[in-house]
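There are two complexes below, and they share subunit A, which is joined by subunit B in the first and by subunit C in the second.
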Partner chain A sequence: MTRKATRKTTNVELLNQLRDVLGGRRVSRGETDRINYGRDLWPRSLLEVRKGQVPHQPEMIVWPETTEEVSRVLRICNEMRVPVVPFGAGSGLCGAAQPMCGGVVLDAKRMARIERIVPETQMIVCQTGIIGAHLETELNRHGLTMGHFPGSFGTSTLGGYLATRSAGMAATGYGKIEDMLISMQVVLADGSVIRTRTAPRRATGPDFNHLFLGSEGSLGVITSATMRAHMLPEARVFRALSFKKMDAGLNAVRRMLRAGLRPVIARLSDEADTLTTLHALGVEAKDCVLLLVFEGRAVRIDLEMKKALAITRELGGRDFGEATAQRWYGRRNSEQYRQSPLMTDEKLLLDTVEVSTVWSNATHLYTAMRKALSKKVSVLGVMPHAYPEGCSLAFTIIGRAGRADDLAAYDAVWKLALDTAAQAGGAISHAYGIGRLKFDRLAQQNPAAVELLRGMKRRLDPNDILNPGKLAPCTEGAC
Partner chain B sequence: MLKKFHKEIEYGTYCPKLCRFACPVANATGNETQTPWGRMTLLHLVGEGALNWNREVSLSTYRCTTCMLCREYCDHEIEVPAVMLAAREKAVADRMQPQESAEFERFFSERHNPMGDDLAARLRTLLPSSLFNPDAQVVYFPGCVMIYNYPQTIKNTFRVLEAMDINYVACYDAEVPCCGVPLHDQGYQEAFAKNAQELGRKLSKAKVIITGCPSCAYTLKVQLPQAGVQLTDRIYHMTEFLAPLVAEGKLPIRRPYTKRLIYHDPCYLGRYLHVFDQPRQLLNEVCREPIEEFSWHRQKSYCCGGGGGIPVTNPVMARDIAQKRLVEVHEGEKKSLVTACPSCMRAFEKADDSVEVLDVVDVLARCI
Partner chain C sequence: MHIAPGQASEKFLRAVTKVVGSDHISLADLDRLSYSRDLNPVSNLSTNEGRFGPMPDAVVWPADTQQVVQIVKLAAEHRTPIIAFGAGSGVCGGTVPLRGGIILDLKRLNQIIKLDEDSLAVTAGAGIIGQHLEMELNRKGYTMGHFPSSVYSSTLGGYLAARSAGQLSAKYGKIEDMILGLEAVLGTGEILRTPATPRASLGPDWNQVLIGSEGTLAIITEATCRIRPYPAERRFASFVFPGPSEGTEAIRQIMRHELRPAAIRLYDELDTVLVGTSSKNEESSESFWNAIPISQFGNFVKSVAPGLIRRTERFFGKRADLINLLEKFATKGCLLVMTFEGESDLVADEETLATELCEKLGGVNHGPEAALRWWNNRYHVSYKQSKVFYHGAIVDTIEMATTWDKLVPLYEEVRKAVRDMAFIMAHFSHAYLDGASVYFTFVTAAPSVEKAEQAHRAVWDAAATACQRVGAAISHHHGIGYTKARFMSEEHGQMMRVYEALKREMDPAGILNPGKMGL
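So, the complex of A and B:
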């Protein structure tokens, strides 16, 4: 898409207009803020910041508190042709929140009000700037849970989950965020506000929720959502099992789901991940380890676990017992922290490649990815989420490169990863989104769909102010 | 000053910022720069030579309440406050501290306390002269915030002690009324050390020091020795001192406390000094209703916004943090907030004067 935008304002004019709407305290153009809003948690940005670089910085940051304020901000920016990057808590791993064309970062975190919790119907209405951990704390106080626990739980927002089609650690049981969404309120680029209806399973034409789910801030700003919550589980049971080969573990999980079992977590590590990630977390096991967690009514989950163990035995799985899995569960977020010590080594780079596919292709995709990536980097493979029709696969990659060529090495590994995933029949993202990282590959893989996306972008955001350079590329123009 | 924190700064820059939801400043502002990750990133870039060490960067380091809740969610147990305090020390050395901070230091230096009043004189009018004994071995150190804002709590403290027939505790005469933590938190280490020396001389005879202020307790116990001033190693918060005695039945309880209470763990009493049970034990001895807990309590208690010098440099932020904490007080049945720290009490009262805020000792005193 060609940016039609030609900036119609000076920064001073823009600043004054935004201050008129939000007041002085909720508009910043300070250097320290521009630096810290110049990156999310995309590991490529970590390589840059390691060298003292934050190349894409916004000109201003704003913190609206209401849908009306978001609308007024967008109206101003649309009239002035100023890019706007919606921002949750900046935990994205693909650079979707990077302000490629400068402009204004719209931080949603001051829109964190819970408007209504209805325990009787397990529904919650809230603004989308709320952080996942805060939302869960409030739900727990009402006997509810969201069931959505991404690794970024402490630093990600509901809006971010919706805008990237996020998956939590318990997605196998509770589903992804799109399975929890009932309705939403969205501000479009021209400041107009649309609301989808809060009614179950509507058959009123296309579901516009899905237009904005995964749109990564490029089609509208999601300001409020009505979500489906779940009752807090009565009990939780754990098991660690091992298999000699990934194939057997994948097969076991597939058969469990086909049998109607719904573990909230079914996480299968390959041998390398077992020996590194799991051992570091105190899990003493070997081979390919499957961690199973069932939660809900005690009677039901005990029966489910018995059935799961029977399937495992048939496939030659070894039972490591409950304590091993509990130990992992207690420290399940700890693997997020390993990047800090690794990144202090200036010769290391790391990231996670996550893909998905149907069961019939899972072993092939796993094998192809591992084989291709292992030629360049160390690879730890995991199947983190499973569904009746297939699963996601995640590969932590750790490579070596010098300070001078680390970005090129990083890009080369990713090109290899995405080429391999595409050739082996995988979707190039399961939960992390597209961002800057994967857009080119998405365009190659599905040009017709991307063209349709561009058409929608032209209709909804003709001046290309919303998160330009993401999903629909910014090829030329004012930025 | 910052070189020794190389690891903390690097780890913080590359971290997944999973402590973000726990940082009271980040939550109050919604600003990424006001997260441990954001502040560490700036210090990293300064270290790389990619960013000038300037007033704007230094100001970001003054936006930390030093509550240490972030450490609870950090697998590497990075202590952000230590880095921020070192950065503030550098800011002072380079004259890049906030204007409010510089004025505060001048004010403190002239009056020897942050309130500017003659606190020793105030204390003498509050208590009978028999309670002041310069040679006493067991000394109650009230602290400047308590003397200035909560004289009734000081009176209640001695009422409770008297009711328990404890007559060996003398009140410190408050000639050097402040432990110096406000200077320490603002980065004035030289002035803090000077105050520490004077305080050390005043308290040198004490074998046991008791205080109702957690910041004073922590400063006397930990930070004074770091400044080269060693006091007795028997330094207690008042709740630590009273809890075993009350458990032995030494407090004559004439009537139970009947109103509903919710207990707030002060950061310095809880996370810093690990005193969680004693205040609850004392309240449970005298309260008819069970003591309510905040969702965030004990080791994971949420800050009141009163620490780290925030009320001096960022009063609006301090108010916002306190108001966030008070949301739960307004939910459900009417209740009062009880805590064991005068700075927390002050932060809450300034944020919302509709909430009754009490010290544990105030509750005990109402029952005798």
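So, the complex of A and C:
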């Protein structure tokens, strides 16, 4: 018996039960809603849309407002064996929020309440459906910042960040989402509500936050989180520099971090990205451009910038000054919106492959990826996040589309990308997550880790209702 | 003394011998006895009294990960417990073989496998002693920055398994911040390897699930850790604040301004006596532990017994001789010591602002000396404390962590709960953006092992109740083992379900360090 068959017979009952919990207006099975919630921003889905297809539509969309409501929804769905896909703002790029097996999409956006801001402990407690930009605005009013600025800042939620292990543009300075999380509340498949406890640190067993961080909705629904914030910086300094070769730029950033400097942003474009992305954003420079931003106390950041510039000079960096970098900074969040004409051009498709590695392997990984991908698509390379031990590398790939074999071609490019990354010693995702896009490669690369994840999935969600078909694939034949 | 033979089957032990060779397994009484305990205070005391708890059936020294795999598979097949063992310096009974089985001493897995200088990463076997790893790194111009006071007698694997934090955690982070990738053997014999990358978004982070699991989920065999260039300069600063509230406020401000002192430690009034703020002459630079003749310490502590004192002030009133002794070293107030290290201009900037903040908040600048003295004696206190056990007393430490708004209340509540039962003092030794840890040392009379055990348990129960009432973590960096296992359900609530699921998934036969962590 397949799941679909089960669901058809129970559809009305499911609707009635969900309406009992949420009222009529917070449950929808309207066609427009079902189409809209049938995908996230995975470019492969866009290819399907262009062909007039949204192959995986949910049966219903629900908008709970409290943890208690999420719990009741899950209890109902668990009893009726109906898939539930947690959904933030749908800006994921790997298909993680696609309702593969139909069922119910649980949109968290009405759970956007800020429960508490404690300025002296630099903590904020809030529901996870809050949009990143809203959360940041609220913190700013208290003189705080979370420091989490993904490109999707205006169209992504806190829950989405946690569930996918997001990292923002300023990750080099403020850390990644896991560094900002203190504790969280999670609803398990059977509706039980569990939580990790708030403390700056504890040595009392495993860090359970890290089981749910990155679990992409497959182990539980994260409904509330306590996050760390920083004081708003008193000043900010910028610089644009350029290097003849990517290698020199990577080396410069590596040496800065090694010396204990903490730029909030150290973003290095390769020649192709400089000529396209950066030029479009008003950065008039050439070769491999490094954009540096320091923020914090004026005295400190002047000192750090001075030291950073000494390093770049030593490595042959050319100074393009402050204004160039400032212009980029002012427009940084419009990058993706500026790319959107490409997305509506049916003859083209744009996507991003982002990987990570240690410094000693960074040039090798960059070269291998660029070389392999360039055979099939246009490639713009960036080193967007740096850490003292290594960095991430992101490749914007632009390929031709509009042909009958689009999907197969898309899959082939991605297979090449992930195979190349893995062979060149890279981790196959730095911050975008796994979703449907990278699961097979992950399973191939680290079968023991995937087996563990599946095992935990079976234990915490024995009926496989939470985001089935993703990190832990559907039971055979279930959908 | 007679030690009963172990329960492990002949067949199992023969098979294990075949894996490691007869030189690397021991069934000798002396070895079994030595490995039956760690440094938890109750074991310490019972050993002194010639009494022993549960014994391992055998001690095994595997040479590499493959041998660990084979042994784990055999143990799973024979349902024999395996307790992974580093250097045995844990203080919560984490390696005590409660249900027999074999102690798997990992100290032969002590190689430095790879030093990647460009990436500031070192890969080493889990059995390497912290100080050996650090010395090797120092020789090449690096530091790991991980300095627990047990650094001479603890291993990398132990740090990971117990979620250790070193004295310079404010700058270098705790052990979980230093890990890029791990290799571990699950209870099935399966090897789990996590990618050694600075960051990835590949589902749950198994590193962080295994770190702190104290051998209950897997045996960590190898790790790739972050390292840092050996600092070009080190600076020291000390301030005296009127009380813990002012002192902790200074620490909060320093963290809030994103300064990264390497060490930042605030001692309460009593602990300040112990550390000493002055270095003007040799005599007064001696610490409290030195100042009180150890032979008298038993008497000192006996007089702290319940009934004799209600509060420390009264205690001092009744023992004028001791007060006098203390007053000689006492200053009014709480001592804050800080160290800064790194490139000299960066360090100078941090010290300048930290000084400014401290002075603004009422701290009196005592110059570098007290901090330097702390630095020079930073590993000594544990060794000094051990003598207490020979003199009719038991000493233990309680380290908790909470957010800034609850920190002083936690400090006060725990002291209030404990002070009728024991002499207690505290320092605040690890600071974060959102809170800090508080580290209590308590000493109480131990006329017999039974009485000591009762007193120890009573103090811990009272402290744990206060901890829960305020809302804090029951352990900041010592771990749980079995001595604190009874607090785990309160600590994690329903989340224990998840731990239990992890346990069943990773160790279906239940052989890995059974009876620990409240599982």
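One rule holds for everything that comes next: the second predicted complex is superposed on the first by the 463 of 479 C-alpha atoms of A that agree within 3 Å, B and C clash if a C-alpha of one lies under 4 Å from a C-alpha of the other, contacts with A are read in each partner's own complex, and residues count from 1 in each chain.
Heads up, the rule we're going with is that a residue touches a chain if its C-beta (ideal position, glycine included) is under 8 Å from a C-beta of that chain, and two chains touch if they have at least 3 such contacts.
Small disclaimer: the values here were computed from a predicted structure and weren't measured.
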item	value
First, second, both or neither for A:263, with subunit B first and subunit C second	neither
Comparing the two partners subunit B and subunit C, which touches a greater set of residues in subunit A	C
Partner chain(s) touched by A:95 [first = subunit B, second = subunit C, both, neither]	neither
Partner chain(s) touched by A:231 [first = subunit B, second = subunit C, both, neither]	second
Which of subunit B and subunit C A:213 touches, first, second, both or neither	second
Partner chain(s) touched by A:58 [first = subunit B, second = subunit C, both, neither]	neither
Partner chain in contact with A:150 - subunit B first, subunit C second, else both or neither	neither
Partner chain(s) touched by A:435 [first = subunit B, second = subunit C, both, neither]	neither
Subunit B and subunit C footprints on subunit A, overlapping residues	none
Touch list for subunit A against partner subunit C, complex	118, 120-123, 164-167, 171, 176, 178, 182, 192-216, 219, 228, 230-231, 254, 258-261, 296-297, 299-300, 303-304, 307, 356-361, 385, 387-392, 426-434, 442, 446, 448-453, 455-456, 459-460, 471
Of subunit A, residues touching subunit B in the complex	25, 28, 30-33, 35-37, 41, 46, 49-54, 61, 63, 89-91, 107, 109-110, 112, 129, 131-134, 137, 141, 151-155, 333-334, 336-337, 339-341, 343-344
Subunit A-facing residues of subunit C, complex	116, 118-121, 162-165, 174, 176, 180, 186, 190-214, 217, 226, 228-229, 252, 256-258, 342-343, 345-346, 349, 353, 401-405, 430, 432-437, 471-480, 488, 491-495, 497-499, 501-502, 504-506, 517
Complex contacts: residues of subunit B adjacent to subunit A	7, 10-22, 27, 29-33, 35, 38, 41-42, 44-45, 48-51, 56-57, 60, 73-76, 295-296, 316
